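Right after this note come the structures.
Two complexes are shown next, each including chain A; its partner changes from chain B in the first to chain C in the second.
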Partner chain A sequence: MAVVLAVADVGVIKNMNNIKSNLSIATCTLLGGAAQQANAIENSWDLDSSLLYYSEDDDRVSVTKAMAFLTGDLSSDDTVNVNLVLDTMSGATPTGAVRSKNSSVSFSSASGAGSSTIDGGSVDRVNFSDTRLGIALNWTHSQDRLTSISYGGSLSVEKDYQSYGASINYNLDSEDRLTTYTAGFAGSFDEIYRKTDGTPEPLSVVDDNNMFSNGERYSYDFILGVSKVLNRKTIGQLNYTISYSDGYHTDPYKVISEASLVEDTDTGEFAWAELNRYYEARPDSRLRHSIYTSMAHQYGDTGETVHASYRFYTDDWGISSNTFDLTHRTPLSAKSYIEPHFRYYQQSAADFFVHSFVNDDVSTPIILPEFASADYRLDESVGITTGIEYGTKLSGGNFRARIEFINWQYEEAEYDETKALVLQVSYQKLFD
Partner chain B sequence: MTNITTEIKNNYSIGRFEAMACPCEILVESVDKKLIKKLTKLAYQEAKRIEQKFSRYTNDNIIFKINNAKGIPVSVDDETALMFDFANQCYELSEGKFDITSGVLRKIWKFDGSDNIPSDKDVNLLKPKIGWHKVKWDRPIINLPADMEIDLGGIGKEYAVDSTVKILKEHTDKSFLVNFGGDIACPKPKQGNEPWYIGLDDPSHTGEKSVGQIALYQGGLATSGDARRFLLKKGKRYSHILDPLTAYPVPDAPRSVTVISNTCIEAGMLSTFAMLQGKDAKDFLEAQDVKYWCVP
Partner chain C sequence: MNRLLITLSISVGLTASLSGCSFYNAAGEAFTMENVEPWQRDILAQDDMQLDPDPMRTFADEHIYFSKEASTGGRGVGGGGCGCN
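And then the complex of A and B:
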């Protein structure tokens, strides 16, 4: 959803920065000089570019993300944002299969890799590489002093995924401009397929290679929000989002092992032996609700800012989650700040999540459920993020650098831990 | 127009007159007598036009009509509408600290160097009469609550400077400078990319001592703050910059702030906003990335 209300930054310096460029636009309108006006509009653009590196340990997924966010005013009533993202993803990702020692099943590779790849004789994870290009456009038009409407469009393309989206948001300010109400709608259409085209028949045996056509999914989001200036130093926000999606929700690469736990006679340890492997199957619709509340408060003489948020999420797949997020910005000088970040995320497992189809009696065929997935992202989990950001004002722009460590613990999944490192550097160029 | 004078100097000419209760002058990089006379006359006409149109001291202009409408909506012309749009944006950008309805505060705060601090009672009586958010401005209709007043004094002079520059540009290609009581703008540098030099008054020795010279190549320059306008009580100095949100002078405001920006009105707003920040004036100016001089 492209609904972000201005909550994140109540920092003094940032607010001050806007004043000159806004004033220039206001002045040009007042003086009505066409040449001056064009000049000032040109000057009011700002470009935020950023490079993000995400890396999971144990040679799992790594992503390099280049982002450019251009925002500018077309007129005193029209603001345009252009958001470009280029992701390069590679590494190995768990397939959902058990880490079996004596597997004899081959497995074709996930996204992007041309030939089948067997990782160290195991097939519980698969190498992949892909590139994603995302473009989003947003246009906000002020209807009058108190109302504005934003129109958005987005496109995202990968080798095995395409997504098209559109959104509209209506913002209404109260007469005193201390409260902003938002109502929005977003729709998207996604096409999902394997790199080799098509999607596997849900819960079919992998070796059978039964392929269906590409998956399609329609999603609809409605959002209602209110953001309120509680006092001169505090802003609060409350959002409710309901989303419904209809169509193909399955991950065409994820599989589930039919496995039995056997004792290694040499070591005496128990290990999974894979007997068979199935493609996963997820329901063809999903209804989600989420409530998000946040508060930003500035205090102290130097403008320390604390930003806390909580999000509750629940869906009809049985997943519910709680997210607490806390940042604290301390100015180091008039130009720089440091901002530690802490996030706690906890979710319950989807109703149809399984570690594997356990079969202790090989002679009896198992009865397959209607839906099943061994994707670790649908497991009960806790994720903790700790990080710190440093920002400083340079001549003509702002520089930011961020480092974060993320640790996820999964309850039942075959890979029960993910550790990741995030590094990001950003430079915001102000054309003034 | 008896008070217009012109003078030819070495390589430039000056035209002088009085308008908007202050000395005004035009400097032109030319020694053409006819040109300086023509430009000075145009400048005088524009300054007088704006003075008459937006002054609150006359009883036949749009401001008088609005201030005496007693709550009845008034329809305004395009130029006045642009002024209100601009004032509205300044109100929002300054988070309510720049407010064209705050002029009524002058009734109780008289900055004459004396110790006449108004009583809390006087201040509280006036407070409900201030607040642009209480004004219904729906272009071109303005509806001002009966007991409130609009005063464009905080914008008018700077606007007149920029507006005069615009008119003079249509009549000459020479570099020139418009100075209405210290609010200044020039549209382009002199030949050979030379600046105009402007003396900056020391606020405590007005007209006698200057704290420096400023080279102005092009753009606008404005100064907020005036050492002669203050109140002094029990050793505490009250600056003449009033915060409409408290109805009291802004504490710890600098004595004067001078800013160079794209236009005179922009410079004027930035210097005023800076004064309204009180002790944070310097931080504010730093963040704007403009040339400024701050006399604490």
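And then the complex of A and C:
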């Protein structure tokens, strides 16, 4: 490959009008390119490992994530990635039910994994614990100087969820190698069930305990992308993705309260009184579109680097979102840097999102819609992330550590805020 | 209204950059489209100038946001799902 690159560069140089003035630069470049390539082959393997801790306020979800990503060259034309992820999750998560002080519901645990109560009222969140193992393999083969194909496979297993996926991506460089076109396809099969097996009948009364078989879902993703070198210090990217999924999309643990607002005669304040509780129901298909654009740009004498991205997302559930992401890396020395991070996310609510089924006339049964969910993640929301990362080169590797704070605000959901802390330390070992 | 302003800003930015308009960055350097020869790609080859400079961090972030938000994807296709809470 080094020879091919060198020959290509010589070809470009031959076409230059002012050969003499550029000869010294070109010679340095050829030597540098060959050395870099040779170095890449010698340094053909690296192991990136990381430990991440995610914790939400109010004794909600906490996750410890251990990751190991191994990347290596099998030959000058073949690169493989092996990614291993182990998540340990525990804590409490909102069920979708209202925080009621006067519940007539005798609640059976929604997850089969325990439950908790708030203020002595109904169960509006459940405790859970789970472990997830994820494995992903990727093999990239260079067909020739300008084209490569990547083949991927993935597996993810939890106590109540399994996912199997495969993907193929085709990359084509332009002749000047300033533009890369990408086309990709991925398919996955997910099996969803409760820890006690099966899935609840959608919109059935929780206490009736009507169970169906496990849920299955097939998903298909297509992507078209282009990345382009805009100038010597800037590269940009634009992707369009369309995804279609068919099958079980409902969360088998989430519920919706039938409730009425009741005035406390002592305090004069209104509080929810839960009358009944139903399992949620979501459509059995989903069509998603997203446009993603990103840019990396370096400036200044010290080489400050900015990464900025924007994504527009929309789907046929009525959800659309805007996501901005910005990082700014400032070198502290030749070996270390500091990098603040800011992310802004805003989404609209799903068409079928409800806070609850409000029923002020207990004697009249409510009319249930075709689909409904009180899952806060389907509500209108804004999420803001702020964080900072420090990185430094160590002997034979790279060390990074970061801390981030995430705050999500929800418009109507019973739990209208989630605050999370993220801590991550990573070390990438380069093998000579 | 908020979404409209955001979309407009992005559109103007993309259109201007693709049409070769000049901007000035924080260091006062002009930002213009230009052809880059192979021997001028030293900066572009740096680790922090890759479009995804830290795939492990990206992977972790995407898992967090996938678990807490209704939107997903954009960067690529493939990878495993999860029944996240």
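Quick note on the criterion: the second predicted complex is superposed on the first by the 372 of 432 C-alpha atoms of A that agree within 3 Å, B and C clash if a C-alpha of one lies under 4 Å from a C-alpha of the other, contacts with A are read in each partner's own complex, and residues count from 1 in each chain.
One rule holds for everything that comes next: a contact is a pair of C-beta atoms (placed from the backbone, for glycine too) under 8 Å apart; a residue touches a chain by one contact, two chains touch by 3 or more.
What you see is a predicted model; the values in this text were computed from it and never measured.
Visitor: Quick one: is A:232 in contact with chain B, with chain C, with both, or with neither? Answer first, second, both or neither.
Guide: The answer is both, since A:232 touches chain B and chain C.
Visitor: Scan A:257 for contacts with chain B and chain C and give back first, second, both or neither.
Guide: Once the two structures are laid over each other on A, A:257 reaches no partner at all.
Visitor: For A:334 in the superposed arrangement: first (chain B), second (chain C), both or neither?
Guide: first
Visitor: In the superposed model, which partner reaches more residues of chain A, chain B or chain C?
Guide: Counting contacted residues of chain A, the larger count belongs to C.
Visitor: Should A:177 be classified as contacting the first partner (chain B), the second (chain C), both, or neither?
Guide: both
Visitor: By the touch definition at the top of the document, which applies to A:145: first (chain B), second (chain C), both, or neither?
Guide: It touches chain B, and chain C stays clear.
Visitor: Considering only the touch criterion stated at the top, classify A:319 as touching first (chain B), second (chain C), both, or neither.
Guide: Touch partner of A:319: chain C, not chain B.
Visitor: Where on chain A do the contacts from chain B and from chain C line up?
Guide: 12, 26, 29-30, 32-33, 36, 176-177, 232
Visitor: Going by the contact rule set out above, which residues of chain B touch chain A in the complex?
Guide: The contact residues of chain B facing chain A are 82-83, 85-86, 88-90, 92-95, 133, 137-138, 159, 162-163, 166, 261-263, 265-266, 269-270, 273, 280, 283-284, 286-290.
Visitor: For chain A, which residues are in contact with chain B within the complex?
Guide: Interface residues on the chain A side: 12-13, 16-20, 22-24, 26-27, 29-33, 36, 40, 144-145, 175-177, 232, 334-335, 393, 395-396, 430, 432.
Visitor: Which positions of chain C touch chain A when the two form their complex?
Guide: Touching chain A from chain C are residues 2-3, 6-7, 10, 14, 17, 25-27, 29, 31-46, 48-51, 53-57, 59-60, 63-65, 68-83, 85.
Visitor: Which positions of chain A touch chain C when the two form their complex?
Guide: On the chain A side, the touching residues are 5, 8-9, 12, 25-26, 28-30, 32-33, 36, 48, 50, 52, 54, 61, 65, 67, 69, 83, 85, 87, 89, 93, 128, 132, 134, 136, 138, 152, 154-156, 158, 160-161, 163-167, 169, 176-178, 184-186, 188, 190, 192, 219, 221-223, 225, 227, 229-239, 241, 243, 251, 253, 288, 290-294, 296-301, 303-305, 307, 310-313, 315, 317, 319-324, 329, 337, 345-347, 350, 377-378, 381, 383, 389, 400, 402, 406, 408, 418, 420, 422, 424, 426.
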